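One chain, chain A, links the two complexes that follow: it is found with chain B in the first and with chain C in the second.
Right after this comes the complex of A and B.
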């Protein structure tokens, strides 16, 4: 269902279409944190957005619901939800989308819930904001949702406060809240980063089950490619605010094209054999001041040539919907 | 909860005892003889001695102290040195005036301070924020008595909206309320300055937190996010500060009552100090201490309602 290539005129528009999204820090000369990012997500599909800290993946995700820090300003592009541009929608309309058609969960379950309200009340509040039902029915719905996300004794847990729940349980509450109005799209911004490894798998399994049961689309943001390998059908790899590669997860794992993707995959420690040293990508993401004028990965890329540092490679779409931004790949010399 | 209450009550007793003791001895260090103050400087040595004997002031200091403490424990606050009247009824008579003034000024402070503080935090660096900061600075720098005089000058003398002299003792509820306006404003505006600044800074801190983003992501209205989530969390530090401020608020009441010639605990105390009425001063200050201890206990108990993470045990 999910397609990465721009939709053709005959097919219905994808559920979510991000087109040439550019976001920069406020003020003249403010650093561009998201630079002409484009991707599509079809109805019921699962898309992963991958990259290291500061690559702009969270900013991209937040932009869908316009939840970015006000110091970040939209510089251009559009975010279409079923053809409707959310970046230019009215305040009332975006409020209806938030928690209605699009649910969102965040990285820090410890701090993402209001500490002084019972979790049930927080879910009820989300329901009442969108659905014309009474408080009692909303409470019943909240208990049902807590059961749906696998919280034991939901009728009792509904009165618990966040500090009485573990991190994993809190993230389940967040998921219940995000799903309370049966959204068509769930955005999960690093949903497992703050959790224990065993809990991480549980949360991903839960998301996978809910995605199938409810038929909703999921956009999952992570720095851990391995985590979403068998969940997301498609992957967008971002580096320093730009999409460097996108394609079906299976193809991308089998044959990464961009040198950055390749190294990102290589840095996942293998489970089937012992290693003395973990593979890393030397260097760090360049800052605004040291950003090269050419390919942004050229400062860390072992294959970089002179022109990589001078001219920026465009994101070229290849047969099968795969796209990659690398001079060398275009000539068949990399990967 | 029960253990918490018992512990707090015990510490309250110790605090009030300490206050009573300090007041008792410091009163007797002050270089003024109540006998001379009451009887006048031309009184004979015999009448001065008779006064001292009758008031028990000729007894050794520790005997006087024991007499004072042992009677205070059973609620006997003694008699006025000046006119021999029982002290407890006098305090009971004026206490409601002070309590009403304190609550009214707190109401003014909250009603002005919290909305302006919230607005200033939301519209940070706007003209509202700037105005709120000027208002807070002005409030800090204004002594309560000076603000009272300024209000009297503006509203009573220039505009003529309120009477200059306040004879409160007889009147209807409406009259009481009418006469409460200026005193409550003069004390309340200063509290509003504190509450504004505190609300602004705690709200700024709260609005940066993750749960606010979650609340927005649910599609709640901005108003609901601000009040149900942001302010609800900011209340704990705000209420704490109001409690800490209760002491200086009562201190402000003394000055305000004097400026507006309004009956009250403060006015009673000022009169007692002018006349070196040891017994009345002692009694008044003990009541002050009791009120402050009670307010702080109430604040502590309110945490249990404001923040579910607080358990009193």
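Right after this comes the complex of A and C.
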């Protein structure tokens, strides 16, 4: 368990602690895309960040390695990796962290790999950038990594170019590269969205095995609630740039408290039974122009009252460690 | 029991693509993208066509729409062979079968207003202006949009609303068959549910038949009456949805269903992890095409191709060992 509640003074700091992260589009009056987002991820834990498009989950993930579009500006907050604030670290330091202590894999491996370099050379490049070893040792390490991620005949595949590999194999190469420096944290941004379901199952199986064997923490960003339920011990649910609920995945799926989480879970088409009508969330996510001043979900919430449209509910931690941002839940009147 | 003629009957459809090598290192050959596929869709029925990328499901939908010409086989729409018709004869039938595309953003002309987008098919079909204006208002209501929206352009709408416009356009000529190719895969889950409900409502009201092509097994279960599973250009299993999801018989269908990530309340059975990947379609395996990844493969699978046989009423399976 990674523990989502902010660490107390006595316990060691979590591996990753995101505190009050706020990011907005550049310029006066620029839309706030991430608004005071906070969560912790402990050493060796698996945390999922889930939400629909535009909720700010990818921007949050990219912020850890400062990979966001330059038009997005930090408005406040900290991202602490073992106590060190990455948002204020030097350019040289953040380069060492990228691919060093923190590895990252992306949705579309084809666009993340260099098409004119053999995959082995790309892994070697990553190793040499971080580890003080020679070229031959790096090549051997690359072959070992390709074997570790389940690529058959790694000694031959090391010379393959990305276009010669399938989508699933390319994602394995990306994982091998991300693991090349034994990161303490792997960030996986929609790692299986571009893959077929049987290949997705293979990749998730691989990530789970690596996470356990290497004791590495994983932060997975996805829109797929099933994937979260399957893989992540803890979950953060985001809506329109804010954390609306977070907690242990098992409890949160069994009993969602925020009206958004509840409706989102209910709108997954069931696989094991037929329903006459699927539960929907009416309307669409508000845009910058139509963002309500109170609770951001109030325009679509079936339980919303006048107060919800006026004052923003704070994220409140409940007994048992669950945190929810809803006036009605706080008073025990919803879910 | 008399069997009424089906709305759509696809018989032994084959779509092959010739690949010519453009360099000495490339292979030339024939990709049998669809290789002997047969199914029917009844009036008021939805047939779900599922499979992973490269299985040929989209090629089937494009052949049915006559967006590409079949290599062999028949495609009968209410008895008329659309696979063989061309030119005017085909154009005459077009109003009867229409398509909803995956990405509404790229399938709607950004320089046309919603009214123009909806009017276009009706103008081509020669409807008069008054009729068209009334029908636009009606169509927008049917898909849950405000008639006021008719003057707006596609970029002013969200993804879900754009797909509603795409559906309205497909319905403009009152087709009997709607071919939907991944119509909700670009949408968020809460919006996806809205579109699925909408398609079911439209079917209940109009009795339209639907060929629904998708990779998402959850979505397909909720919208279809019957489901066909494709693998490497062939149908490996076809059944009423309760049977297909409740008691799948083909090892590929079983693996596919078990690979869907389960929420906790669904619990889920044993995960069957398939090894390997889709074989090269230029060089498909002999015998059963699934044998290279099949967990229950036996020597005879390489020698003999399993026929698609009926093991229960309406339940067809192409596996030597399915019972």
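As a working rule, the second predicted complex is superposed on the first by the 329 of 335 C-alpha atoms of A that agree within 3 Å, B and C clash if a C-alpha of one lies under 4 Å from a C-alpha of the other, contacts with A are read in each partner's own complex, and residues count from 1 in each chain.
We adopt the following convention: a residue touches a chain if its C-beta (ideal position, glycine included) is under 8 Å from a C-beta of that chain, and two chains touch if they have at least 3 such contacts.
For clarity, every value in this text was computed on a predicted model and none was experimentally measured.
In the superposed model, A:32 makes contact with neither chain B nor chain C. Contacts of A:284 after superposition on the shared chain: chain C is touched, whereas chain B is not. Looking at the shared chain after the overlay, A:269 reaches chain C, while chain B stays out of its contact range.
Contact with neither chain B nor chain C is seen for A:22 once the two complexes are overlaid on the shared chain.
Contact with chain C, but none with chain B, is seen for A:205 once the two complexes are overlaid on the shared chain. With both complexes placed on chain A, chain A has more residues touched by C than by the other of chain B and chain C.
Of the two partner chains placed by superposition, only chain C is touched by A:230; chain B is not. In the superposed model, A:99 lies in contact with chain B only, and not with chain C. Annotation: chain A has no residue touching chain B in one complex and chain C in the other. Chain A meets chain B in the complex at residues 65, 67, 95-100, 103-104, 106, 108, 111-118, 125-126, 129-130, 161, 163, 174, 177-178.
Residues of chain C touching chain A in their complex: 52-53, 158, 160-161, 188-194, 196-197, 200, 215-219, 221-222, 241-242, 245, 255-266, 271, 273-274, 277-278. Residues 209-211, 213-221, 224, 228-229, 232-233, 306-309 of chain B are the ones that touch chain A when the two sit in their complex.
Those residues of chain A whose C-beta lies close enough to touch chain C in the complex are 52-53, 166, 168-169, 196-202, 204-205, 223-227, 229-231, 249-250, 253-254, 263-265, 267-272, 274-275, 277-282, 284-285.
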